Amino acid sequence: MAKVPGLVKGLGVTFSTMVQTITKGANTVQYPHEKEAPPTRARGVIALREDNCTSCMLCARSCPDWCIYIEGHKELAPPRRAGGKPRQVNKLDRFDIDFALCMYCGICVEVCPFDALFWSPEYEYSEGRIADLLHDKTKLGEWMETVPEAPELEAGADKKGKK
Amino acid sequence: MTSALWAVEIPYWGQTLLRVLGGVVAVLLPAGTIVYVFLFKMMSFMQSRLGPMEAGPYGSLQLVAEVGKWLQKEDIAPERADRFIFRLAPIVVLASTFLLVAVVPFGPDAWFTNFETGIYYAMAVSSVSVLGILMAGWASANKYSLLGGLRAAGQLIAYELPMVLAVIGVVIQAESMNLQQIVVAQNAGSIFGWDGLGNPYLLTQFVGFLIFMIAVQAELTQAPFDMPIAESELVSGYMTEYSGFRFLMFFIGEFATAGVFALIASVLFLGGWGVPFAWFGWNGIDDVDNWMNVVGPLVMFGKMMLLVFLIMWVRFSYPRFREDQLQRFAWKFLIPVSLGNIVLTAVAKVVW
Amino acid sequence: MTMLSDRQQLSYIAAQAADARVNVELETEGMTLNIGPQHPATHGTLRIIARLDGEQVVWAEPACGYMHRGYEKLAEVRTYPQVTTLVNRIDWLGSFANEVPFILAAEQLMEIEAPARAQWIRTLLFELSRIANVSLFLGDLGVQMGAITPVFMAFRDREYVLNLIEAATGGRFHPNFDRIGGLKDDLPAGFVAETRQVMKKLRNFCDEIEDLLFGNEIFQSRTRGIGVIPRDVALDYGLSGANLRASGVDWDLRRDQRLPMAWDKVDWKVWTHTDGDSFARCWVRLQETREATKLVDQLLDGLPSGPVMAKVPRIIKVPAGEAWVSTENPLGEMGYYVVSKGDLGPFRVKIRSASFNNISIVPWVLRGVYVPDIITILASLYFILGDIDR
Amino acid sequence: MSPLSSVGDATSVAGELPGDARREQIVDELRRHLGDALLESVVVPGVDVWIRVRTDAWRRAGEVLSDELGFTYFCFLSAVDWLPSPYGRGEDDPTEPAPERSSEIVQGVAGGETRLQMLARVVHPAHHVGVNLKCDVPDDRPTVPSWIPVFAGANWHERETHEMFGIGFAGHPDLRNLYLPTDFEGHPLRKDFPLLARMVKPWPGIVDVEPMPAGDADDEGGDES
């Protein structure tokens, strides 16, 4: 067809968007009423399974923002097998993550050798006071049940474990 | 409003009070609906979003919230600003809108004033807002608003000329400058004998209509011509330093002027408050019966919303002219074309 | 609408620039305008000090440093995995594309090569972050010149791409997904099908922007012949990316450099333009976005299967040496000169970011232009503040 | 310099000769023009080429590269401070005495004698081959001839290098600070300039929980620092 002047075509685009929005609804999500579920791998908040943690300090050391604070002490734990000698176990006193400093890079979750830290896509934990963003180990434990199952991988992925 | 309407004698001061109240309603009501329907809703739909939905059902009370917000905001004047002129500027801009609406007829008897030289008065008064904008730009001691004010001065003057020339075409065809006469001429007339649709000047004066709408777009400093409020360069031009109630006056001024110009455009080109007289067998203004005084404003409101839709549609889709292109477009293109339109109308007038 | 031909527009601008210089001698008392750090037209906190004569710029110079975070100093005290989290905050719109050159430089020093699947997924995410970055620019172009609607379309369609990146990497803006030797994880199920849908949406977006903005005569009159940068000046200042290709230099690092990525395994076209003005730069970026969507489709078709991570020791110590790797980032050529002395972190990292050179030409290009054209030229050069200030 | 596997030679790209031949040719051309000003050159086949010139031949080398050899694309210009940082990674325990760190200066590729060294890179826009240029900055009087007459784009790079490393540039029109405030003393990118962010707060990783007795801790050692 004849070259429609750009000015008119521009009007056409905005008009058709308006018709689409009225008929098919807008692209925006009305947040407080409808909520968009983040994908399973979204890095919302870090959850801690306390009994896996042996306070080996690897996560605190490899955190670039220095926002993980751990204190632990040594304890004697009952022997695994009957009659064995009591084991020395590291008991965790304090495991805080300061989410005001954290930049959600995920190095701690990845570097933890005992799989004690997990990502959960939970994102609605904003606080009135910034100090409340320092989650202690009980709060981190609560996030555990919001941790989803690992999503199965794309077709061509290598199934037998990564490394 | 003549006092015979309610068969009760209204003293003269009562009439002027009614006229003032009517004027305020006639300006603020269109401004409010335009802001809600177009700025909040239509703009959002064009951008695939829903616009304000929280305040009231479908965001209808959003304007109340906005006005409330602005009223309780502190009204700051910059320290080195020229205080008196700084405060006067928004009043001048808003005053020009109220003066403009005084001349618009809303029905056979429903008009504020019935000047013989109605349109001449309207064009003169509409240039008062240029003074207000220049005062705002100059008085707020801020480089951005100075630039905005000067650009506005250049632009508004450059676009008043084509607007006036476009109106002359209509005046020639209606043989009168009285707006009531123009409305009657359009609705009572006929196109080559067929008077099913009256003779809206939109058809015969289409070039004049286009030039008038482009000039109105420039008068309102809307999108293709919003150099004075170039938010990506001058933050918000001459309105940068205003806040609180004064900014509200500018904001209302902007949209009320859009409404009033649309009212005038609908009077000039779409037949104003009247529906084609042939439909009801009237053939002059005196035998138009009384219910038209009620239906007239509604018809005017409808036509005004249609024209403001055009203005806003263009505003939300186009980027901005640079001001030298804008001036060149006005002086080198619009004015010659509008002069040509006048010549054509005059020749056509003589021939028919 | 009388349209001035390009030649007339160019001669008009040149005449204006000439008498702008004359006015300086007349010492009319011009106005120094601060297009300040807090300003709607700058992508972040760039401040331009412009000396005006009326509406014309006589002398303009950007003052940067408001966003300087000292990345090169920080990189010297961090281990390699920690530097990737630091580095994807430089050009935060296409942030996966920042990690790739640094990781490639480290891999070049360690003489490791990521497995084929990891290379393909890296190229896929690289092109996705390019689309996310440049599509925002296409929308933002409209706002800089007054049209409000294109920006919302850009953000609407860019959201789909960001959701894809979040589904694969976990982060929308800062994916932190690239590791020395491969990737942190593989793609989630259904990612390939979802991406094909999104690519259709993006192509539709490009057509919409072309109709709404590029075809618009007002937009063309605002950008054609404005901010013309000839070929040798562009090379002299080290401009890169679409700014260079718009001045007629046919150079794209994805094609002209041998990197362990998948660009040379799919066919795609490098777009260039000869005018070198603002319109050419924007036009080249629009074609590159379309080309990126086609690239992603081909990458999805040929995605090989296999592991995503090579055999890498748990604690990474990069052997001593120096390496320079640069890739064609959405903003231009971004490169890292990594000096390593064989311990946990790099000894020195020189971050060569694209916008730093792209903006160093601003004092040259802004001579004698009008105030609104400052914004047009800045918009067409397309910089991100984090990229300039590092 | 560790020998590199044949990552590059096999595939030739866009009319480029097998890596080393082209880069050898560049080095020979430069040696022909600069004579003995070209002190050292290192060619890594198919990857990159480093050239170190005498300080006073720095601008001359730039001119030769851009005018005679066609390296007209100015990539970047910066500097390297070879002194190992006396603060390490800011992760020392404030209570214990500061650990002893070697402060012996070891230059990188293509050697050099002084602590500060200039580093620049120019690229040939048609053959897509880049050259890394280095030259020593004399410790006593750290100034280097400016590259602005050769590459206009070097203006900002030199201003940044001046404020970060304290290297003067002879012939630079206005050496104001680019990033740092005008009254900022000290040159941040020098290794002896402390990174304050890591000084004010003790490292959370210092809290020493002795590693588990040998047994279920399977990785090499939790306590590397």
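So that you can tell them apart, the chains are marked A, B, C and D in the order they are listed, and the count of residues begins at 1 in each.
Following the convention adopted for this analysis, a contact is a pair of C-beta atoms (placed from the backbone, for glycine too) under 8 Å apart; a residue touches a chain by one contact, two chains touch by 3 or more.
Just so it is clear, the structure is predicted and the values come from calculations on it, not from any experiment.
Of all the chains, the one whose CA centre sits at the greatest distance from that of subunit C is B. When the C-beta pairs in contact are tallied for A-B and for A-C, the bigger tally goes to A-C.
Subunit A and subunit B have Cα centroids lying 55 Å from one another. In whole angstrom, the spacing between the mean C-alpha positions of subunit B and subunit D is 65. Centres computed as Cα averages put subunit A at a distance of 29 Å from subunit C. Averaging Cα coordinates per chain places subunit A and subunit D 37 Å apart.
The residues of subunit B that reach two or more other chains are 46-49, 316-318, listed in rising order.
With touch defined as above, residues shared between interfaces to two or more other chains in subunit C number as follows: 78, 149, 153, 156, 212-213, 216, 218-219. Residue positions of subunit A touching 2 or more other chains, listed in rising order: 7, 10, 13-14, 17, 27. Inter-chain contacts, as defined above, occur between A-B, A-C, A-D, B-C, C-D. The touching residues of subunit C, when paired with subunit A in their complex, are 78-79, 81-82, 85-86, 117, 149, 153, 156, 159, 163, 166-171, 174, 176, 184-192, 208, 211-220, 303-309, 311-312. Within the complex formed with subunit A, the residues of subunit B that make contact are 42, 44-50, 53, 313-314, 316-318. Of all the residues in subunit B, the ones that touch subunit C in their complex are 43, 46-49, 143, 147, 223-224, 226-227, 230-233, 235, 316-325, 328-329, 332-333. Across the interface of their complex, subunit D is touched by residues 54-58, 60-61, 63, 66-74, 87-88, 90, 113 of subunit A. Across the interface of their complex, subunit C is touched by residues 5-7, 9-10, 12-14, 17, 27, 38-43, 62, 64, 103-107, 110-111, 119, 151-158, 162-163 of subunit A.
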